[in-house]
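One structure is given here, and the rest of the page talks about it.
By letter and in written order, the chains are A, B, C, D, E, F, G, H, I, J, K and L; residue numbering begins at 1 in each of them.
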Amino acid sequence: MQVAKIIELIGESTTGWEDAIQNAVKNASTTVDHITGVEVLNLTANVQNGEVVEYKANVKMAFGVRDNR
Amino acid sequence: MQVAKIIELIGESTTGWEDAIQNAVKNASTTVDHITGVEVLNLTANVQNGEVVEYKANVKMAFGVRDNR
Amino acid sequence: MQVAKIIELIGESTTGWEDAIQNAVKNASTTVDHITGVEVLNLTANVQNGEVVEYKANVKMAFGVRDNR
Amino acid sequence: MQVAKIIELIGESTTGWEDAIQNAVKNASTTVDHITGVEVLNLTANVQNGEVVEYKANVKMAFGVRDNR
Amino acid sequence: MQVAKIIELIGESTTGWEDAIQNAVKNASTTVDHITGVEVLNLTANVQNGEVVEYKANVKMAFGVRDNR
Amino acid sequence: MQVAKIIELIGESTTGWEDAIQNAVKNASTTVDHITGVEVLNLTANVQNGEVVEYKANVKMAFGVRDNR
Amino acid sequence: MQVAKIIELIGESTTGWEDAIQNAVKNASTTVDHITGVEVLNLTANVQNGEVVEYKANVKMAFGVRDNR
Amino acid sequence: MQVAKIIELIGESTTGWEDAIQNAVKNASTTVDHITGVEVLNLTANVQNGEVVEYKANVKMAFGVRDNR
Amino acid sequence: MQVAKIIELIGESTTGWEDAIQNAVKNASTTVDHITGVEVLNLTANVQNGEVVEYKANVKMAFGVRDNR
Amino acid sequence: MQVAKIIELIGESTTGWEDAIQNAVKNASTTVDHITGVEVLNLTANVQNGEVVEYKANVKMAFGVRDNR
Amino acid sequence: MQVAKIIELIGESTTGWEDAIQNAVKNASTTVDHITGVEVLNLTANVQNGEVVEYKANVKMAFGVRDNR
Amino acid sequence: MQVAKIIELIGESTTGWEDAIQNAVKNASTTVDHITGVEVLNLTANVQNGEVVEYKANVKMAFGVRDNR
């Protein structure tokens, strides 16, 4: 496999950033095969009433694409 | 909605950068629903005969994707 | 005046980024004197129904502070 | 609300970075209302005797300010 | 054409980085028309037994999209 | 034309950043031919009495140079 | 002390950058206790008649805040 | 101690990034004394069959070195 | 020689990036003496009909200037 | 004066970085008028026999240019 | 193998950057086992008499280290 | 000499940053030969009782390594 494609997603979770990227990976894997890894671009969180209520992770996700030249 | 996707576009306009991103958003919204926002990555302009003739804006655009796990 | 302080704000406007930073400056100047300038950190926009509806500008704002050593 | 302010804090925790930003948010919310979110700038940790003993997170925190022009 | 789209790919080659981006461009052009240029984001290489065995180039690739507003 | 040169300028305007770069381009074009484009490096503004009074744009400007090898 | 706050200042001096940050620290310490350190963000200088006449240092300054949850 | 040295490592863990840096610190502390802290440079994760299977953290690690001038 | 000047150029070549910077250096050396080195800022390439047709390298170029104070 | 130009230089000194930028400013002011300020891009030093022997500062230097449109 | 170490080297070559990193990898592999890959940090070149005479590549190099906790 | 190695250190001094990197260079030169230069990554300072008490400089340091392939 000579070419990989990179997409960017934002995963969210109420429990933490590891779970947020798990959510992003699971969601993407329903439409994309051969995901090999993710790289975190940015970590943020939403706050309500003085408490963090949602963790968000911007990630780049790499997956192999068939080389059909 | 627990996952968002990010795409990158370049919008162009002869009048200014605000119009350039309006163009990018309008164009993308013909094929993508639920666009929530844009972030400017880079602002450039084309020049001819000593005058700016076109404003260009590289933007990241976020839109929600259904969480179909 | 030998020391300046820097604060960060997000100004918003429905018409454009120049107006967004005007809003940030006007708002800050109700509580801070001697604002000398702003530097744009990030330009974003909110989108609804395929149209940009709000321009937002993250800015650093400098203002002089009296040197009271 | 047309203007938001951004402050920077360092939260600490002995258990992890999610808890560190919870601490930063809880502490800030005792003096600031309307915190809407945090963005991680930097993650560090203190080490003693070959073990991580404290997780630290530099965060930017946004909160709305009344537009009293 | 008033809008361009940007995608990110990783091209690979056993001979060098110029060939790696040629591979990425040729692969992408089987599914995307009107590619106008690439910009290198990152150059890496895989090593085995003390020799570089594969050159990899992360690239952003721009292509025109029809403006169908 | 095989080589381009890049210079950096700061354009100013009392009306906005698009006008500021127009000023920079018009000024440079009195001494440099073949300017092809500008890229924004930094957007700032001067403030007086709680109002933005001048918009400033740091830009890189590219122009072709004759290849006289 | 579990939370620290970060502020940004610009110190100035006619003799050098070390003195410029000393000025920033001394000025800030008249209103803030428990400053623990500074980090240089940017070093600049003002020039008049072909001579540097003032050194300026943008610094981030950290100070502890009581954890009053 | 007047001089510190910085090394870069990649720690891995199947449970999360906090554990990944714990692994990096524990491993390094078998050969290096006086490690004082780590700073995260990059967070990544390996994916297999649509699930994150390994968390990886690139860290800079500081440790004191004897000043033997 | 106590002062060096830095200029920025874009070299182009149909064969590769090493040749592109050779072109930039040769072109600049027709008008500037004492060029000592180049640093790559950005590597791009133009694409036509699904093939890279031109390699471009943005470079900073340093050259000594006589210290005529 | 509505337009400023930015040039980049490297100043050197055997005594320190403040003196290095003084050298760069003095040298440039022999051919350029109206220099208003410098911004440090990079600080380096040459070492010989285990001692720093020369301090070098990469600086951007701004100077006003007549607006002769 | 749960931990990798990263070192930084500068490889040089008179023929090009691919050869420069080959030189860096071959040199490092005489003292370090299990090198898995390199990442380019910076590409530079030395110039003499208006010609590039040496290509230099700053690279980060990763190699596995035994996990001997 | 075809390969150089880069290490990172933090030098400290009570008098200033030039002295801090002198300390880092002198300390490193007791164990490493052929140090050719340093590049500043970060300048910080420790503060006590409202005064800077220690200047710290993170530096990359390059030294030649014998090419023993």
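Annotations for the structure displayed:
Keep this in mind: a contact is a pair of C-beta atoms (placed from the backbone, for glycine too) under 8 Å apart; a residue touches a chain by one contact, two chains touch by 3 or more.
On a predicted model such as this, the values are computed, not experimentally measured, just so you know.
Counting steps between touching chains, the shortest path from chain D to chain G takes 1.
At the interface between chain B and chain C, under half of the residue numbers involved are used by both copies, so each side presents largely different positions. Comparing D-G with the candidates E-I, I-J or B-C, the pair whose contacts agree for more than half of the residue-numbered pairs is I-J. A separation of 32 Å divides the Cα centre of chain F from that of chain G.
Work out the mean CA point of chain C and of chain I, and you get 38 Å between them.
The distance from the centre of chain B to the centre of chain L, each centre being the mean of the chain's C-alpha atoms, comes to 44 Å.
Looking at chain G, residues 7, 16-17, 26, 30 sit in touch with two or more other chains. Annotation, chain-chain contacts: A-B, A-D, A-E, A-H, B-C, B-E, B-F, C-D, C-F, C-G, D-G, D-H, E-I, E-K, F-I, F-J, G-J, G-L, H-K, H-L, I-J, I-K, J-L, K-L (touch as defined at the top).
Chain B makes touch with chain F in their complex at residues 16-17, 42-47, 49-52, 55. Those residues of chain G that touch chain L in the complex are listed here as 16-18, 21-22, 25-26, 29-30, 35-40, 61. For chain A in complex with chain E, the touching residues are 2-7, 60, 62, 65, 67-69. Of all the residues in chain G, the ones that touch chain C in their complex are 7-13, 23-24, 26-28, 30, 58.
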